[in-house]
């Protein structure tokens, strides 16, 4: 129904190469998240797939058919935009029905499908409202409705939740995940938020400067980051990196330990450090500890922890969970 | 009414036949198309009162010629010249009928831009004998008439007898310029809103150029000598210009550089000016109590001359109707000419729109048209008759030999520009933008350029 | 020390001007609009009253006559003008203005839209070429325009003015419409393309309804320029197609009693655009700055 | 940005290069471009051709190719040189004064006060009125020695009526031009003022700036771009001003107010000297290009990224 293959795709804006040659395969029914820092080319990549930008070279195929030169509308994809991109002069009904109208469906059928979609998205009461009269969450649902009404081969989401407030964001995240569970339609989702990536994706694509750093399931990326960049990008709080003498002891240029993989003790441990800022989240406590010779480290402790600024503590990394990186920042095998 | 109608038709008929032959030969127009007395007739005319009134009388014309749809455009003098000349010289066929004058008509006739109208003269119903021959001469070239006099005028001096009397002054019948200025100075009282004399200060060869031209002539000046050497800086011409500019500066209303024919006429009717040297067509306005509150105090004298015993000097002008060869509806144009300049127009129109709105008399019969007219015309008729009889307004009143013809203008196409430019410089001198001699120097230079560039002198 | 400490009025907020400034602004405004206001008021006088001094500014009902600076208004000048030959001029002006504005919109909207599309190249060249033509002095090309108009037989034809006014207003209209189109959120247009709208539907169903105000503003500016145009009208029309400027030039020289009539005619001619301007002043900015200033 | 993305001038005929032929295949742009080119470029090419001929409409038999003779003539003609000076002085004086007055207007009406809408409306009216009617109104209601209000005031103070247009023609024309164009400047400057962040002004006040310091150090620097733009646009419109001069002074008295456009008009319609008029037109167009080039650069920088 919707597997997408990018072969040797490049994109240049003028003299600037935004996407160096890139290959990627997306299986039918996957929920793929493109993630990376801003400016990494993830949105460009999405727009290349959508057909909103033309590839400079290479090809894009959907279900094995090369659609490189095909207009956006003919690709059978639907897109949800960061700004929702609703048509402000049309009521919700017409907004959702617009792609069907463009496809030349007759009015009765459009009405029927729009009603059905509105039903699933709880928008039935709002069909005659204009986008300007609706809340952010409602608008987002309209945008999603407009995407699903045409039963596309794949959904493209361009940072759809970034304009919502925190609480709503979590809600919508769930809704979108649920929707995907139900429809089983391929989805490509762009975000800079690794939490969204981890929670929603069946497959994450980490991008940096237009280059795919790693592709894999969330857990693969968490457990086996291929390099320093991925290791640092996935996971929250960020993985601690230690270089120098300490790293050399592990036979690496850099070692990485996630905050949750460090045990803390007030009495004894591998590293001795002084506590800086302590962030109490209730469920967890984050301690920022300065260890001479290793630098500042973040430690995550479950539950509440009674330490104060200036206390001396001892840290012990979980030896099995130390990531080692070579001088080129690539991951090395785990210590035997 | 029936006879009148018949006569108009007949006159049109003879004209049509005569003109048809000429037109077909000359311009190759089909006689049928050219001479239909129907369709759209586009007239371009100067917005003088007599033509404004004529436009208001169009229903009468349409009663005679119901199939002619007249579109009458009235524009101020400088603009009407610009538009008409552009139309004629580019043969654009914008106008079917135009008002023009003795300056352009002979040149345009020679260039083949105007239709000859001799047939009109030959039409008995037109009563051509009634038209003053002097005006006809000015509108002919090579023995052919190219325009019909519509509103004729010669220049004369108007004054307020009451004001002169109150000041204990008298006006000679043929005053000199010095006498005029003396009287004007005596009557000039700006603080009381009373100005001695109105004289055209508006640039333009047909505006300031006309009175100035006569001053130059009577002072013994000229534009060129027999060999086309410019003579603006010659003592006589220069003296005349100095005199004119200084008079404008000293005894005329403020803003005189914007006063043309119309504005000066208003200065009399509003009582601002005590005297006016301008054309005779104003007489009908000034002497009519309906149009001038000071009518009973108006008097006229001959156009002033340089000194007692100088030969009379005045300008002649005729706003005349002509048909461009590029016209689209010559038949209708001719019909209109025969109506507007024929013997019946004044007797019909005067009672309706008043004598002040009648064209300047080009026909003897206009003076005899009604007893009331001859009564109020008497004061100025004597002066006008004498002017017409003594002044050669066509060939000029120059003292010296000139290589050109023309009186207050010189009859070469370039004069339009030359006259405009020089009068513009002079008006600049009036308001002190430059000295009179500077203006004269520039004018001399322009005149030299014209002589050379126009190919008159090598 | 701090100046505003001593001036509570200023401290109260940026948005309130001092009383002195209010008075000053009103004074300047009345002074500046005096020539027009006086023209308008003179149009309501009789010919006898109009040129009289001291000037009467204030129309009052008849029974209040005699108060200084007042007069009893009359509509006789307007009646005279409207009963005379004014209407054809007015109709011609309206025709030339409205039809050319309509064509301007029809041509400028697609062009301006194309000039915001990413796939259009040379945008800069096209835009700058267009606007540079607007800076050409019209007198510089008046002769060939006259001769060309004559050549195609459109002298004294409103169609000639329509064509010329169209070309005259097109560059500004393109710049202006483009600035409106450019302000549209790119996502919405992308959404349209994803949803299957071709360029035509994208323009007509999505972009255009969103810039309704821009279209009005553009039309408004085109109307002002076309209505007020003088030189081309003067040169190319005579009677049949003559527009209001030609009617007005007959007032260039004093003609009988004409002052009040001139005032009334001037008011009548100026009024449509002035009223339009009063309503559309906020749109002027974009148009007059070629969209460079929002 | 492409390296060759320089401003295009109208001298650059699109069909011949730069734009590339594709533009003619763009059905959205081609019609508009075609209309503009046919109506504005073609006549200008003809003007250039005419300028090489001796051609007076009144003497068609005298027409002949004249090379650059017309250009030599006009540069020897003091009238043309004078008119260039007149044009420039009108432009400089009127633009600077309009800017100043426009700035004053804008500062006066930017902040809210009682009746601000009406005041703004009254202030922009001069720009909306048909220029020839504006000039008529000035000529007869303000400056006329007979009907003018100015002279009535003069007389109230015991003076004698003054022929304003005759005595002070340049000042009269500049006054009318400033009256007409200051609102234009005001409109653009107001837009600039609106774009000025109120926070900035408030911050300046918190930092102790009085109204003058606030204007001098915050408002004016911010307005620089807008002042440039309005000044340049104003220059281009004012240098081509014809209507006001036609109605108010007809270029006089003398040639005191004859600017280049009016001189060209006179040359065409009073002298019918097409050759000279065309040469003058070509010269003034070339002169305008210099200003326009600068303007386009400025516009380009104001417009941000194109292409």
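Going by the order they are written in, the chains are A, B, C and D; count residues from 1 in each one.
In the analysis below, a residue touches a chain if its C-beta (ideal position, glycine included) is under 8 Å from a C-beta of that chain, and two chains touch if they have at least 3 such contacts.
Because the structure is a prediction, the values reported are computed rather than measured.
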Which chain's centre, taken as the mean of its Cα atoms, is farthest from the centre of chain C? A
Tell me the chain pair with the top count of C-beta pairs in contact. C-D
I'd like the Å distance between the centres of chain A and chain C, where a centre is the mean of that chain's Cα atoms. 53
Taking the mean of the CA coordinates per chain, how far is chain A from chain B in Å? 92
Rounded Å distance, chain B centre to chain D centre (Cα mean): 39
Any chance you could list the residues of chain D touching two or more other chains? 146, 269
Of all the residues in chain A, which ones touch at least 2 other chains? none
Multi-chain contact sites of chain B, meaning residues that touch two or more partners: 83, 86, 90
Output every touching chain pair, sorted by label. A-C, B-C, B-D, C-D
Please name which positions on chain C make contact with chain A in the complex. 185, 187-188, 190-198, 201, 205-206, 209-210
As the complex stands, chain B meets chain C at residues 40, 42, 44, 47, 49, 52, 71-77, 79, 83, 86, 90, 92-95, 260, 262-263, 266
Could you pull out which chain C residues touch chain B in their complex? 146-147, 150, 155-156, 234, 238-240, 242, 246, 249-250, 252-256
Within their complex, chain B touches chain D through residues 78, 81-83, 85-86, 89-90, 107, 111, 190-191, 203, 253-258, 272, 413-414, 416-417, 420-421, 424-434, 439, 442, 445, 454-455
Chain B-facing residues of chain D, complex: 56-60, 62, 78-79, 144-146, 160-163, 165-167, 169, 250-256, 258, 266, 269-273
